[in-house]
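Letters A, B and C mark the chains as written, and numbering starts fresh at 1 in each.
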Amino acid sequence: MNIRIFAAAALVAALSVVAVGVSGASGGSAANTLTVWLQVDAQSGWPEVVAAANAQFKAQNPGWDVDVQYQTWGTHLAKFDATLAGGNAPDVIEMGNTEMTKYSAAGAFQDLTAISFPNKSTWLAGLAASGRYGGKIYGVPYYAGSRVVTYRTDIWRQNGNKVPQSQAEFIALAKKIGAKNTAKTFSPVYIAGTDWYVAMSFVYDYGGKIAITRKGKWVGALDKRAALAGLAAYKRFFEAASRAPAGSNEGTPPPYDVMAHGNAASTYGAGWFTCCVGDYKNRVAQFVMPSHTKGQPIPGFLGGSDLAVPVGGNKDKAAAWISAFTDNASMTALRAKGNIPNTTSLLGTSVNERAARRSWFVPQSKNWVNVENGNVLRTMLQRILSGRSSIKDAASVASDNITYTLNQ
Amino acid sequence: MTTAAEVVPKAVAAVAPRAATIRRQRRRRLRRAVWNVVGLALFVVLVFPVFWMVSTAFKPDNEINSLSPTWFSARPTLEHFRDAMARPYFWEVVKNSLIVVGAVVALSMVVAFLAAVALAKYRFTGNKLFVVLVIGILMLPQAGLVIPLYVVLAKYGLTNHLLGLVFTHLVILLPFAVWTLRGFIMGIPKELEEAAMVDGSSRLGAFTRILLPLVAPGLVATSVFVFITSWNEYIFANVILTDQANQTLTVWLSYFYGTSRATDWGGLMAASTLTAIPVVIFFLLVQRKIAFGLTAGAVKA
Amino acid sequence: MTVAAEATAHRSRRRPRLKTIAQASVPYLLILPVIVVITAILGYPLYKLVTLSFQQYGLAELIQKKGVWIGLDNYSSVIHDEVFWRVLLRTVIFTAANVVLTIGIGTLIAFLLVRVSTWVRILLTAGLVLAWSMPAVVAVQIWVWMTNFENGVLNYILTELHFGDYAGHDWYGSTFSKLAMVTLLIVWGAIPFVTITVYAGLAQVPRELVEAAEIDGAGPVRVFRDVTFPVLKPIFLILTSLSIIWDFGVFTQAYLLIGSSAVDTSNYVMGVYVFIEGYSHSDFGRGAAISLLMLLIVAAMSVFYVRRMVKMGEAS
């Protein structure tokens, strides 16, 4: 290589990049651009709803543009923290409902109490609660998702084709299916061992709680009798129905993948799982996960998203965009995609909407996220399912940890 | 051979050592064959993950989902590659990655070369301090710097901007580049340098005219490392570039598994394959120089 | 003395001094660009890192951009946290294992490269390059894909080769197994750099010396100790110190492979620990304190190698 050419090329390249970069800077976010961070689910799931909201917003606010930047769940908080520190946070951000309280408490969001959003009086109670803190509204409910049982109709047909009405019935059915297919990787009801959303549903089903408040302080409640009964029920169900390793989680592999591989007759998880079961797409249906009390649904975790306006954002315009994005037309479209809309006025009787009738939510403490990130519940579940410690011991360790963390 | 020995007994004395050489040669060949087998086994182990990535990328979904894997697809498909390339912003992101890497390699080579000359050829007060600074930066835990760095870039208006990432990568990579280049420059024989100075050129002039070409292999070797690290960097790119249209390939890839919906293994593996291709090409282009270059640098550093 | 002569003498006296000054400033001019770039980009973050470590600095403080000075509280809370010491011990062992395996295997492959036929050497080199060119985030995904308990190809291969029944085996079931998988991933990714560097170094070992030693009756071990190793020593110094620095602070592989849903106090390594304490828990002050402690520890761990490197490379 001729060194002089090399050096010259290097310099030209460097200079041109600097030029490109500098020219790009001016094309960044202009004064009249509303920056919106949505999760990538909207990009792959309902981009037309986003586009419609943008069009509506632009029509009502001439001269304004919307820049929607899609984020992923795993990394959006780290990015959000950085933008808060750098003073260039987006105007609107989608937050998971379990993430809201910590940021509301820290003062990351603007108060939206006085603004009249569409359907504000009929917001889904469980979801709206996550957007409130200290009597003020910081988050507008966006959509929710409940958990249902997705099952293989062909396997069900070979086994009596009945929808179980109680956990006892479900266990009996699972044992029957499991006896016919004894492969180590096949699960009658695939549940990842440390899927705490499922496990805590059993706890709440037996009247237990993760934590309660007493005299303004949080107290972990997993070591109480009701919660212990729930954990024991979870262990019974898991052992009868799922052959996943004790330490597995619902992320790797995702339950629908397991179904797609033909390794599960059913699974308990999000309502949209039917989308992704591969060749079994036409051989799956859903029902509501039964409670231990016959005829009732189990309380399911109500996962969902809120829309919030970070400090420094343009509150009026942000609120206008949120209104456009959460109006009846948008919500009807979201519901058609298998989501639960943010308002009871649009609620129907689909299987996931029926499942949402009984639900539970995480303790609304600003420190709850630390319990999640520290995987306190998952560690407890792995200890219980692997038999490394008794239910009581594992629960009391986790409970103490929760008490400590929530009161920090 | 034996017949020859029988027929001409006189030759025995001469043949015996030849037989020994042949035996030795045969033993050597056998030993080489054993080493070759070991080498091939190692090759299989080393390459398997890459092979599995590429093989998965060409499989139709039902083969990916199959419980008994096939090594090569019976019905290879380009579908996953098409899907990956049809994803939003693919070409923008490729362009971004190339811009960032190009700028980082070019700038770091120029800047690091100058500093390396200073360290290798001059004694000056504070050079030890400089060396300590360079190595100290190598040791910094990067995770701790993400937010403060973002704040600085925000002050310069460089967040969500390729230039911000270019500067960040420069800072991460300059210490390594300075350090290795210094070794290469020290490897240059003093006589050559003196000869250049006798010619009447200044010390610096001598470097640029005569000695720079000698350092070329070192520059190439260092630039490979810089290229690979910058191309593959994820943590800073992910935080600094918030908009998909401004992101680099590794961040773009994370959108395959960052959704709460299905992970598309075929698509992810196809996209990963695409991501790796430029690095492999770059490496193959400079492969011959690096083996030579790395030696000179490492030994003298 | 004429005026002109005096002027000449004067000039000749001044000129060298000017020249000396100009020459003396050359090295500083040369390092100036590096200093400018590093100070402009890294100066403030470093200053911030140090000040944050003395402050109560959580999410609320981050938003208001104002911390509360608390002296050494962050440091004392960290060093009184038994988790910190457990994680530190685990990370030191982890680092040692990774460094030894990387350098050991990498060197052995380099020696192998000398002994095989050309076509095998080309194949192996190509394999090394492929492994090297995988971005860490991609490599992690490949690993997840290969080692998942349900239909991972690793379990399939082990079962097919009759190593036992690995169907459904969970490679992430215990702390040891988790960290072993991370080690496998890191070593796989780091071997190419080591091998290619050492192999290049081997080419510099004078053949005559090796042959002379062999004629003297030295076995392969002695040849390595007396002839090969001294030549390779500077390379090993660099590789070892770089590996210590990289492996001690490893984050991407350890966090992504174990997975955000499975990292906990029983399997943190330092890089993950500082991320969880500082970022996930939004205790940036504490995170800064841990970062600086990490810096001190890794400096202490590698001081031996770094000092020798600095000495070896004194400017001539």
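Heads up, the rule we're going with is that a contact is a pair of C-beta atoms (placed from the backbone, for glycine too) under 8 Å apart; a residue touches a chain by one contact, two chains touch by 3 or more.
All of these numbers come straight from a predicted model, not from anything done at the bench.
Ranking all chains by how far their C-alpha centres lie from the centre of chain C, first place goes to A.
Among the pairs A-B and B-C, the greater number of C-beta contacts is found at B-C.
Separating the CA-averaged centres of chain A and chain C is a span of 36 Å. Centres computed as Cα averages put chain A at a distance of 39 Å from chain B. One inter-chain figure worth recording: chain B and chain C are separated by 15 Å, centre to centre, where each centre is the mean of the chain's CA atoms. Annotation for chain A: residues touching 2 or more other chains are 74, 78, 81, 85, 87, 185, 257, 261, 263. Residues of chain B in contact with at least two other chains: 65-67, 110, 146-148, 151, 153, 155, 254. Looking at chain C, residues 62, 151, 279 sit in touch with two or more other chains. Residues 58-60, 62-65, 144, 148-151, 165, 167-168, 170, 172-174, 259-266, 276, 279-282 of chain C are the ones that touch chain A when the two sit in their complex. Contacts from chain C toward chain B in the complex involve residues 23-24, 26-28, 30-31, 33-34, 37-38, 40-42, 44-46, 48-49, 52, 62, 109, 112-113, 115-117, 120-121, 123-125, 127-139, 141-143, 145-146, 151, 153, 156, 188, 191, 193, 196-197, 199-201, 203-204, 231, 234-235, 238, 242, 245, 249, 251-252, 270-271, 274-275, 278-279, 284, 287-288, 290-292, 294-295, 298-299, 302, 306, 309-310, 312-313, 315-316.
Chain contact summary for the complex, chain A toward chain B: residues 1, 3, 6-7, 9-11, 13-14, 17-18, 20-22, 24-25, 28-29, 37, 39-41, 43-45, 67, 69-75, 78-79, 81-83, 85-88, 90, 185, 254, 256-257, 260-263, 270, 272, 275-276, 278-279. In the complex of the two chains, the chain B residues touching chain C come out as 31-32, 35-36, 38-40, 42-43, 46-47, 49-50, 52-53, 56, 65-69, 110-112, 114-115, 117-124, 127-128, 130-133, 135-149, 151-153, 155, 167-168, 170-171, 174, 178, 182-183, 186, 190, 203-204, 225, 228, 231-232, 234-235, 250, 253-254, 256-257, 265, 268-269, 272, 275-276, 279-280, 283-284, 287, 290-295, 298-301. The touching residues of chain B, counted against chain A in their complex, run 61-62, 65-67, 88, 99, 102-103, 105-107, 109-110, 146-148, 150-151, 153-155, 157-163, 166, 212-213, 216, 219-220, 238-239, 242-244, 254-255, 258-263.
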